[in-house]
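Each of the two complexes below includes chain A, the first together with chain B, the second together with chain C.
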Partner chain A sequence: MLEEFITGFGMAMRLDTFAFMAAGLFGGMLVGALPGFTTLMAMAILLPISFFLEPIVGIPFLLGVYKGGIFGGSIPAILVSMPGTGAAVATSRDGYKLTQQGKSRKALDMALFSSVFGDTSSDIFTLLMIFPIAFLVMQFGPPELFVVLLLSLVIIAATSGENPVKSLLMMALGLWLSFIGTDPLGGVERFTFGIFDLKSGIPLLPMLIGVFAIPEVAGVVMRSEGVRQLSSLVGERLSFKEFRASFKTICRSTAIGAGIGTIPGLGQVVAAMMGYAAAKNASDHPETFGEGELEGIAAAEAANNAVNGPTMVPLLTLGIPGDNVTAILLGAFVAQGLRPGPQLFEEQGATVFAILIAMVFANILFLGIGYLSIPFFSRLVQIKTSILIPIVIMFAFAGTFVFRSDNFDLLMLVAFGIFGLIARAGKFDVMPMVMGFILGPPMEYAFGQMVAMGNGSTMAFMFEERLPALCVLLATPVIGLFLWKRMQTVTKPK
Partner chain B sequence: MNINKLSIEQRIVLAFFASAGLSVVFIGQLVAAPKLLFGRSLTAISPSLFPIIALSCLAILSAAFFAWRMKNPEPADKEPMNFGSMKRGAMFFGLMTFYGLLMEPIGFWISSALSLALMSWLVGNRSILQIVALSFTGPALLYLAATRLLAVSLPELNSIELFYAQVLGL
Partner chain C sequence: MFKLTLKKLALSAGLAAMMLPTAALADYPEKPITMVIPFGAGGSHDLNSRVITSIIPTYLEQAMIVRLTPGAGGQKGTQEVANAEADGYTLLFTHNYVDMLQQYVENLPYEPLEDFVPIARVNYAPIGVVVRADSPYETFEDLVAAADKEPGSIQMSHSGNWGALFVPAAQIMKARDISLNLVPYKGGGPALQALLSGDADVTMGFPSTLSSQIEAGEVRVLATAGTERIFDDVPTFAEVGVEGDVGFMHRVLLAPAGTPDDVIATLTSAFEKLVEDKTFSGMMGRLNETIDLLDGPTYQKMREDQAIAYSELVEALTK
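The block that comes next holds the complex of A and B.
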């Protein structure tokens, strides 16, 4: 194996590999920075380019697009509170508040540095631990996946918002919204009221843009702040002291992201939210989270980028793509004649190691390109709001439309915008709702599989046969105690 | 209980309770019956099981929170929304609905140009030159970027697509 590693190292050190990775990173960053235009879209469009390149050039090029796109998604989340993907939702909470405080440069710098740190550490971890991790992942079945998703949801709801019960309410609402459409197991219609457009469910992008960006924009319109110019509000760069203060959080989030990345089906959204929740929970000043806390950005960005490397573990060793993006990567591997699975390392070990090593080096390029392009992106806030707001709305509509080319999505965008504004007026946090909506279908699917595996007996199978029983037994009192403590804080007279 | 005296938060919770409760009661009408093959269901769990669990949680939590809030009222907002803000908000969402409804029938360019101009004016821009420049260049640049660089389609009228194709020599 050491021989293959050394050969792979030599293979990765090519100028064209680095040039295409740099192009992929910049392209991904640019597409990710356009609100509504996703990394997935960029990868799907650029996939054919990789077919005409050698595997060691084409696949790192796509990985560059992937890494750049994930970071790029945090740019509109920070600057205009418009997370293009679920992974950037946590970043937008503190990022946009920092922009409002005139610290958008610091927020973008923190997002970049924590992303690069999380990504690099998790890539090195993947490179060294790919075989032991693959063995562990093979033990993960539907019951484990169900429990991890359930606990993620409860923890997210318990740690977000001012009042945990209100967050739980929103989470249940999100789950309900996720049921609209076709049942993932049996294919029967639920809550569609005979409306054809609802058969495929509520689309995610109009919900994300609607509940996060539109209320922000509506707030500015309603407060009549149209002619305000934000030119003096770009702010200073991030200092080393500020980065060092968040370093512990970054390390914690990296570990969380790397762990979650190894499990197929969880991905960046869960990682970002778990990283954010863990940071808030561990902080001496949790009340500052959501109000413009640099540590909040560090936690979310390190965690969601730390997923990138380990998602390659189930993909390369078992041939299981963890999400849509890795499914595209799987297509690129297959098109290049590399069939992911247990045989891949035996047949093409050096090439696989070369790709993994290129992933590590891509982060250095990522840092350079990101650092140089941040001043360009952060100047977005210098545009007058009377010009920026119409442009943001146009991007929101165009991005929503291109997602499915369905006019119905535009009306959903408006409806979610109104809902977001009402929720804000009632001081409800919309984040647990979005998380419930995203994680509801995979959770229901895993639950259905678990029941099928247990021949119809849910609890008996779970508690007698599988490890998750232990997780539930250990986690439930801890979360219960945490919720009780939070409720005590909420009910305490001020 | 006077509904007019309830806060926005309480009204939202009440709406959650009513909609979740009604959905649980009428779940049979809202969720289709499972597909059967030789009299046996094709899936291990009923399609209404998960919705019933989530909706019951929503209804119970809403009721509990509402009762708790009645005992522990929250202090009223210092700055309640005034009529002017509400009017601007209504105009903003009306404009967004107009944009959403018009994009497909009249195309991206025209609907965006109209909406951007109106939106810019609503937000307080009174410079005709800026409004005109914004409403023409913004949609044009995004349209070209989306259709040429990212190879995704935006709705457009045939005449505009024809003009665009002629300009680019396609």
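The block that comes next holds the complex of A and C.
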């Protein structure tokens, strides 16, 4: 094993590997920064290119696109409050506040450093612990997924605002919105009123852009901030002191992210939200979270990137792709004559280690590429408001449309934009709604699977075969209540 | 849109004047062709299409662009093509379960048999019944006997209701008159993982995607679709009493009904040349996909048979 590791190390040290990785990282970052374009699309389109490259060049190239794309998504989230995916929602919260305070460069730097730190540590952790993780992955089935998702929603509601009743209401609304469309298990239409466009449910992207970006744009216009003195400043770069102050949070979030990555089907959204909630809960000044707290960005970004390493494990050790990103990577592996699965390490150990080592180096490479590109991106906020606002509106609509070229999505964008404005006026936080909307469907699916597994008698099934999951389920309300009380006592006296 | 209509008007006016209805269409394709896929990114249709569209421009002398339009279990993209103009510039790349089965389980905004004509079946994937290596079911008959003894107690994981794993499972249940507890997972990968982790007792899978598990001796195949054996020591569905077009996922290219014959002929000949292409077969081989081209009329007969078989299946399952 060690011998293969060393051979792999030597294989990864190639100039063309690094050149293609850099190209993938930069390209991925640009695509990820454009709302409406997803890294998944970019990877699917670039996949055939990787067929013609050697395995040790082609696969790191795709991984570069993937990693660059995740960071790219946080750029519009921070600069114009436009999160393109659920994973960037938590980042957008503090990031945009910092931009308004004229600290956009600090915010982007923090996002970059914590992303790279979270990703690198989780890659190294994966490299060392690949077989124990593979064992752990097998312990999670639908019942476990269901209870973890439920617990996550409870934690998000309990820690999100000063008024948990409002948070819960918004979350219930989000869950209800996620019910609209065709029921994922039985295929029954719900709340569609016979409208075909609603059959596939409410699309996520118009909701994200609508409730997060449109109210910000409208706010600037309504306050008629002709010259925004504040954000015309790009601000200084992140200081080492500020990074060190958040270091503990970054480490905590990395651990949370890596843990969540081990559970198949949870993913980056849950990781970012849990990292954020944990940081807020541990902080002695939780009230600054959501008001432009660098630590908030660090918490979310470290956690959502730390998911990446462990999610590769089922692909590498079992040959099973857990999501669409790993499905594309599987295609790339197979096309190169590497068949991920139980025998991969025996037959192609050196190549696999070379790819994993290249993954670690991709992060270091990205640190440089990102650091050099941030000044260029943060210039964006220096554009005059009278020009920037129309550009943002254009991107909001174009990004929504380009996703699947559907006029209905534009209507949804406008509807959610108006809803976002009303919610803001009523001091309702839209974050729990969005989280309910994103996490509702996988939770419902897992619940349906659990019912199917138990052949109807779910409780008996859980008691007999899934005792740990049942315990977590029973503890969930207690954990929620505890967190809520704690939030109250910390925030109240001030 | 408006421009297009104008152009059409001008074109048809010219045509009417010349009384030569086929002259203008001989130019097809004069602009890029859109291939709509009604599924999400990263699936097997996405990957297959990337290979097709990177080679076929050589034979069409025009680009073919993939457009992913997921939603409503494939209905969104399908409807889009059903409503598109039948001019050969908007095509649908789908599979038989969405194409022919869905009409019996949901209210569709289109009529699959009337609104589409097949252009080509690119390839198909035969499915197999799979258990863990340590499973007590040594043969297919063991499984049937156990299911007979305790109906509904054997857990079978599949990739989603009315999907590529669910339908053959249901067809086997109907053919052998047994009952399995079907548990849905989000795709074939998670379904296989459920088998390996012990949550499920049996699942379905395409041998091409299972080869590493089979070689590693982690799973055992009990039967494979069709009449020809894929593995020397594993019986076919026909041998275990499951007859007909069961357990094949056909990847097909459809066009809106009313597409002119010479347009279809152009596309058909492009696909005939495509499957002879060395680069194409090499790339498909690397993806572990077969190539097995059938032309439109041949596949149309299969579609009609599928329609009958699926309607009977749905009726039997939902009564």
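Simple rule for what comes next: the second predicted complex is superposed on the first by the 462 of 494 C-alpha atoms of A that agree within 3 Å, B and C clash if a C-alpha of one lies under 4 Å from a C-alpha of the other, contacts with A are read in each partner's own complex, and residues count from 1 in each chain.
Simple rule for what comes next: contacts are C-beta pairs under 8 Å (C-beta built on N, C-alpha and C of every residue); 3 or more make two chains touch, one makes a residue touch a chain.
What you are looking at is a predicted structure, and each value in this text was computed from that prediction instead of being measured.
Engineer: First (chain B), second (chain C), both or neither: which does A:124 touch?
Structural biologist: Touch status of A:124: no partner.
Engineer: Now for A:185: first (chain B), second (chain C), both, or neither, which partner does it touch?
Structural biologist: In the superposition, A:185 touches chain B and chain C alike.
Engineer: Looking at A:204 after the superposition, I want to know if it touches chain B, chain C, both of them or none. Which is it: first, second, both, neither?
Structural biologist: neither
Engineer: Touching A:168 in the superposition: chain B (first), chain C (second), both, neither?
Structural biologist: In the superposition, A:168 contacts chain B only.
Engineer: Pick one for A:448: touches chain B only (first), chain C only (second), both, or neither.
Structural biologist: Once the two structures are laid over each other on A, A:448 reaches both partners.
Engineer: May I ask you to decide whether A:251 touches chain B, chain C, both, or neither, giving the answer as first, second, both or neither?
Structural biologist: In the superposed model, A:251 contacts neither chain B nor chain C.
Engineer: Look at A:319 in the shared chain and tell me whether it touches chain B only, chain C only, both, or neither; answer first, second, both or neither.
Structural biologist: second
Engineer: In the superposed arrangement, does A:220 touch chain B (first), chain C (second), both or neither?
Structural biologist: First partner only.
Engineer: Looking at the overlay, does A:479 come into contact with chain B only (first), chain C only (second), both, or neither?
Structural biologist: The answer is neither, since A:479 touches no partner chain.
Engineer: Using the superposition on chain A as set up above, list the residues of chain A that contact both chain B and chain C.
Structural biologist: 41, 45, 185-187, 405, 448-449, 452
Engineer: Write out the stretch or stretches of chain B touching chain A in their complex.
Structural biologist: 7-9, 11-13, 16, 20, 23, 30-35, 41-45, 47-48, 50-51, 54-55, 57-58, 61-62, 64-65, 68, 72, 81, 84-86, 88-89, 92-93, 96-97, 99-101, 103-104, 108, 112, 115-116, 119-120, 122-125, 130, 134-135, 138-139, 142, 146, 150-155
Engineer: Can you tell me which positions in chain A touch chain B when the two form their complex?
Structural biologist: Per the stated touch rule, the residues are 31, 37, 41-42, 45, 165-166, 168-169, 172-173, 175-176, 179, 183, 185-191, 214, 217-218, 220-227, 384-387, 389-391, 393-395, 397-398, 401-402, 405, 407, 410-411, 413-414, 417-418, 421-423, 425-428, 440, 444, 447-449, 451-452, 456, 491.
Engineer: Any idea which chain A residues touch chain C in the complex?
Structural biologist: 38, 40-41, 43-45, 47-48, 51, 137-142, 181-182, 185-187, 196, 199-201, 264-265, 314, 318-325, 327-328, 331, 334-337, 339-344, 404-406, 445, 448-449, 452-453, 455
Engineer: Under the stated contact criterion, what part of chain C meets chain A in this complex?
Structural biologist: Residues 40-43, 46-47, 50-51, 54, 67-73, 75-76, 79, 105-106, 109, 152, 155, 161-162, 181-187, 189-190, 192-194, 196-199, 209, 211-213, 215-216, 218, 283, 286-288.
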